[in-house]
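Each of the next two complexes has chain A plus one other chain: chain B in the first, chain C in the second.
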Partner chain A sequence: MKNAGIDKAIEILGKLVRFLRKIMIHIISVGPMPDHVAFIMDGNRRFARKNNLSEAAGYRIGLLALISCVKYCSELGVRYVTFYAFSIDNFKRRSDEIQPLMDLFLEYIEGLMKEGSIVSRYGIRVYFQGNLKLFSEPVRLAAENAMLATAHNSKLFLIVCLAYTSTNEIVHAVQESCEEKWGGAILLNENEKNDAESFVKVTDIDKNMYMAIAPEPDILIRTSGDTRLSNFLLWQTTCTYLYFPSSFWPEIGFRHLLWAILNFQRHHQYLTKRKKQG
Partner chain B sequence: MCIDAFKLMGLFSCCDFLFWFRGSMDLKDEMQRVRFWVNQIGNFCLRLVWHFVHLLVRSWYLGVGVANVIESYLISSGLLRRYRFIDVGKLRYLAIVVESDDACQISKVIQLLQWLQAFGVKHLCLYDTEGVLKKSKESILAKLKNATLFEEADERDPLLDQKHMTLEFASITDGKEAVAKGGNLLFMKYLKLANSGAEQKEQIFTEANLTEALRAVGYGGPEPDLLLVYGPARCHLGFPAWRIRYTEIIHMGPLKSMRYGSLVKAIYKFTMVRQNYGT
Partner chain C sequence: MMQSLNFPPPIYNNYYIPTPQKANHFLFRNRRDQTHRFPPLLLAAKHDLALDDDEDIGGGVAPLPEGLRREVMPRHVAVIMDGNARWARQRGFLEASAGHEAGGRSLRELVELCCEWGIRVLTVFAFSYDNWTRPKVEVVFLISLFEKMLRSELDNFMRNGIRVSTIGDSSRLPESLKKLLSDVEEKTRDNSRLHLIVAVSYSGKYDVVQACRNIAQKVKDGAVQMEDIDESLLEQELETNCAQYPCPDLLIRTSGEHRISNFLLWQLAYTELFFAEALWPDFGKAEFIEALASYQQRQRRYGGRRRS
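So, the complex of A and B:
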């Protein structure tokens, strides 16, 4: 009886929170809204240590935070959401630290593909961008299947960066650009090759980046209070508003997104002017 | 007569119908007009609330600004103990990003550099998007004592004293365009391996080779440990991407309101940071 009362109270509280969130979204939508928000999900292990949980539990709660962020972004009308899920640098960790992450990833993909999952409810198209060749075959196949299965969705684009670093992305883009130009250049004679100003241009590199599927991020949020990009989207964040809240990733909430967007709106005119000049 | 009566009745029915139709159209118009005005008033109220929310945000930042001014004063006067002794040796290379519109205030830039020189910072990169600081480098170097261009400095020179500082000047062309130039160098090597296997071609495109290529085309500056942004918003404004992989980025506010205490606090915070580099 008492439990039913508490459940009812929680249900009412939940409805009230959703209602207040809707009102806030209506209010802030009066101003310019970001099209693309990127997240560096830092602090899962520190959160686990702080709350006496295992690292695996920390990552699971972090995954729930990711799903919540995707929902909030969908409600806010954000079209592109990017998450820095696994860096190439993370391969330096011990295999007993990496394996639970890979298992969680496979479980997550399986969940995404089910009927009624967040992907089908919110019309999400999933991309996994990075050097996927560095992963084992089951992980690579799961990622490719998920991308194929959600290719028909177009309301929100969820980009998960796996085996990704910006410097690796730039080198890959330079390589792709060179391979594209190779055919034309091979026909030139030695003098023509030396005289040619440049075969590879910035626009070639831009279009071969892993992140060419999305516009440049408007906001980049890194949790845990660290104030660096850790080799994430360095090429794309020229005029991106950077926000470094001190909360750990599993603690991220709507209030952080709201604050980031309010600050983005404060600086929108300046950032737009800088983007046009760039 | 009966036919006339029927005709009259028919006429009256038509008129009734027309009056009713016109009445209902008037009602629909009225309802649409009411809906339009309700929407307009609703939007107006929403805008008002949005401005009010932003007023609250501005007030918050005003309060934070006042607190920062007081803290900066306390730091400058040495009253806060933890800021008295800072190991600046941990800061091997510092970068300063200045908003180009503010970069014209050369006197402010020189004052900032003098503070950093007095603090013991030895190697520094000055960046602004449009290259205003690059154009003013001669006058900046002339007004600073004990400062040379990074490209011309020689660490092994025993005449370089403790307070000597090297300065590098960068702009947006040192970023993406530099990578394209480095990429072209790699492309020339790639062309020479026209008949080789894929494996040999793969070995050309590595991060180490691109770093070397950037150095060869004159864009081989080191990675800063700390990047201080003097501008209205926290963003790096296109500082060369290749060089800020693990750089700490701190927003200092506009150049016109720079304070020595805030600079000390930023450097202190940097010395307390511990990086895992992904492990």
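So, the complex of A and C:
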């Protein structure tokens, strides 16, 4: 009996919180809203240490935080959400640290494709960008299947960067551009020298980036207070508002997103002017 | 020889043992040719050491202010000098030129401090490629201010062993400035105490694109195979390859703006960012110390695990 009472109270509280959130979203929607928000999910292990949990538990709570962020972004009307899940530099860690992460990825990716997951509820199309060849076969296959399975959704685009570094992305884009310009052409048109055509341009590199599927991020949030980019989206963040809250990733909440958006709105006019010039 | 230039702190406490010149550089000689991107974590702190005993750095190195540790000083500091126009507006000037002049004085002070404290490379974002769209009056003023400063500071550069280089698309600069820049670069080429890199008409994206273009040209000419294109090859083609340490350890942006604005794209991959609230003309010794102190507290892991 008592449990039912508590459950009811929790349900009502939950509804109240959602209602308040909706009001706040209506208020800030008066100003410009971001189209693309990127997250660097730093601090899972430190959070686990702080709360005397195992590292694996820290990562799992981090995963829940990711799902909440996707939900909040969906409510805010953000269309593209990018997460820095695993960097190529992270392969330097010991294999007993990497393996639980790989298992978690596999579990999460497979969970995405099940009925009733957030993907179907919010109409999310999932992308896994990065140098996926560096992963083991099961993870890579699961990622490719998930991308295919969600290809028909289009309300929100969730981009998870796995085995990604920005420098690797740029090099890959250069290789692709060279391949495009001269991979086939060298054999066919030895004497033809169309100089304008044969130059590599910014647009060529842009086109071949892993992140070409999304516009440039409006806001980049890195948790746990470290103010650096760690080789994430270097090319795309020239005009992005950078926000560095000091809470760890599992502690991220709606208030952080709200604060980031308010600051983004303060600088928006100047940034749109710069984007048009640049 | 360098030992004599160190000023050990006064020993009041009997138990205090002065840091034995952990500046034992002969143990870590490979740092100069090593690409600095993934230094082994063990060496990371010592790697940041500013004093090099096998280079003649010209003058002495002054004692660091309270709270800063020599072994964790950044080797390469980059600065985005933002806020001159706002500073001028706040003080009631109609034109931004007063702000830029005050900004010039700030820069002079920063260069002096970097020399004194043993920072090896200082990159400043003087003029962005995107700034060409500013009002013509302001652009002309900035160019003439730049010329004036270069001419007046040349003696100072020679005296203090400062080497000046420029990066950026010089095709849009007036002839007089281009000639002056190449003269200054030539004259200061052999100085080695501080390498001052001035980014004029620079855009980080453009830097990467021109590096890509050079590599693409090499591929076309057959000098490089497509499979050999990798990160270090691209890094060598960037304009900052003139510096001994091409990637900044610390980036300072003034006037409270939280963005990169197309400066040093590739090179900022692992740079610690510091956003100072002060406007650039108000950025002085105290603010610089604050930035350095903040940098020294950070733990740089480069994607690996923290050694606890």
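The rule is short, and it goes like this: the second predicted complex is superposed on the first by the 262 of 278 C-alpha atoms of A that agree within 3 Å, B and C clash if a C-alpha of one lies under 4 Å from a C-alpha of the other, contacts with A are read in each partner's own complex, and residues count from 1 in each chain.
Just so it is clear, a residue touches a chain if its C-beta (ideal position, glycine included) is under 8 Å from a C-beta of that chain, and two chains touch if they have at least 3 such contacts.
This one's a predicted model, so the numbers in the text were calculated from it and none came from an experiment.
On the shared subunit chain A, the superposed partners chain B and chain C overlap sterically.
In the superposed model, A:N90 lies in contact with both chain B and chain C. By the document's definition of touching, of the two partners only chain B reaches A:G31; chain C does not.
By the document's definition of touching, both partners, chain B and chain C, reach A:Y241.
Once the two complexes are overlaid on the shared chain, A:K201 sits against chain B and chain C alike. Using the contact criterion defined above for the overlaid structures, shared-chain residue A:K15 touches neither chain B nor chain C, since it reaches no partner. Once the two complexes are overlaid on the shared chain, A:Q265 sits against chain B while remaining clear of chain C.
Residues 87-90, 92-93, 165-168, 170-171, 174-175, 177-178, 181-182, 186, 198-202, 205, 226-231, 234-235, 237-243, 263, 267, 271, 274, 277-278 of chain A contact both chain B in one complex and chain C in the other. Interface of chain B with chain A (complex): residues 46-47, 49-50, 53-54, 57-58, 129-130, 172, 175-177, 179-184, 186-188, 190-191, 194, 205-207, 210, 232-238, 241-242, 244-251, 273, 275, 277-279. The part of chain A that touches chain C in the complex is made up of residues 87-90, 92-94, 97, 165-168, 170-171, 174-175, 177-179, 181-183, 186, 198-202, 205, 226-231, 234-235, 237-243, 263, 267, 271, 274, 277-278.
Within the complex formed with chain A, the residues of chain C that make contact are 38, 130, 133, 203-205, 208-209, 212-213, 215-216, 219-220, 226, 229-231, 234, 257-262, 265-266, 268-275, 298, 302-305. Of all residues in chain A, only 26-28, 30-31, 87-90, 92-93, 165-168, 170-172, 174-175, 177-178, 181-182, 185-186, 193, 198-202, 204-206, 226-231, 234-235, 237-243, 262-263, 265-267, 270-271, 274, 277-278 touch chain B in the complex they form.
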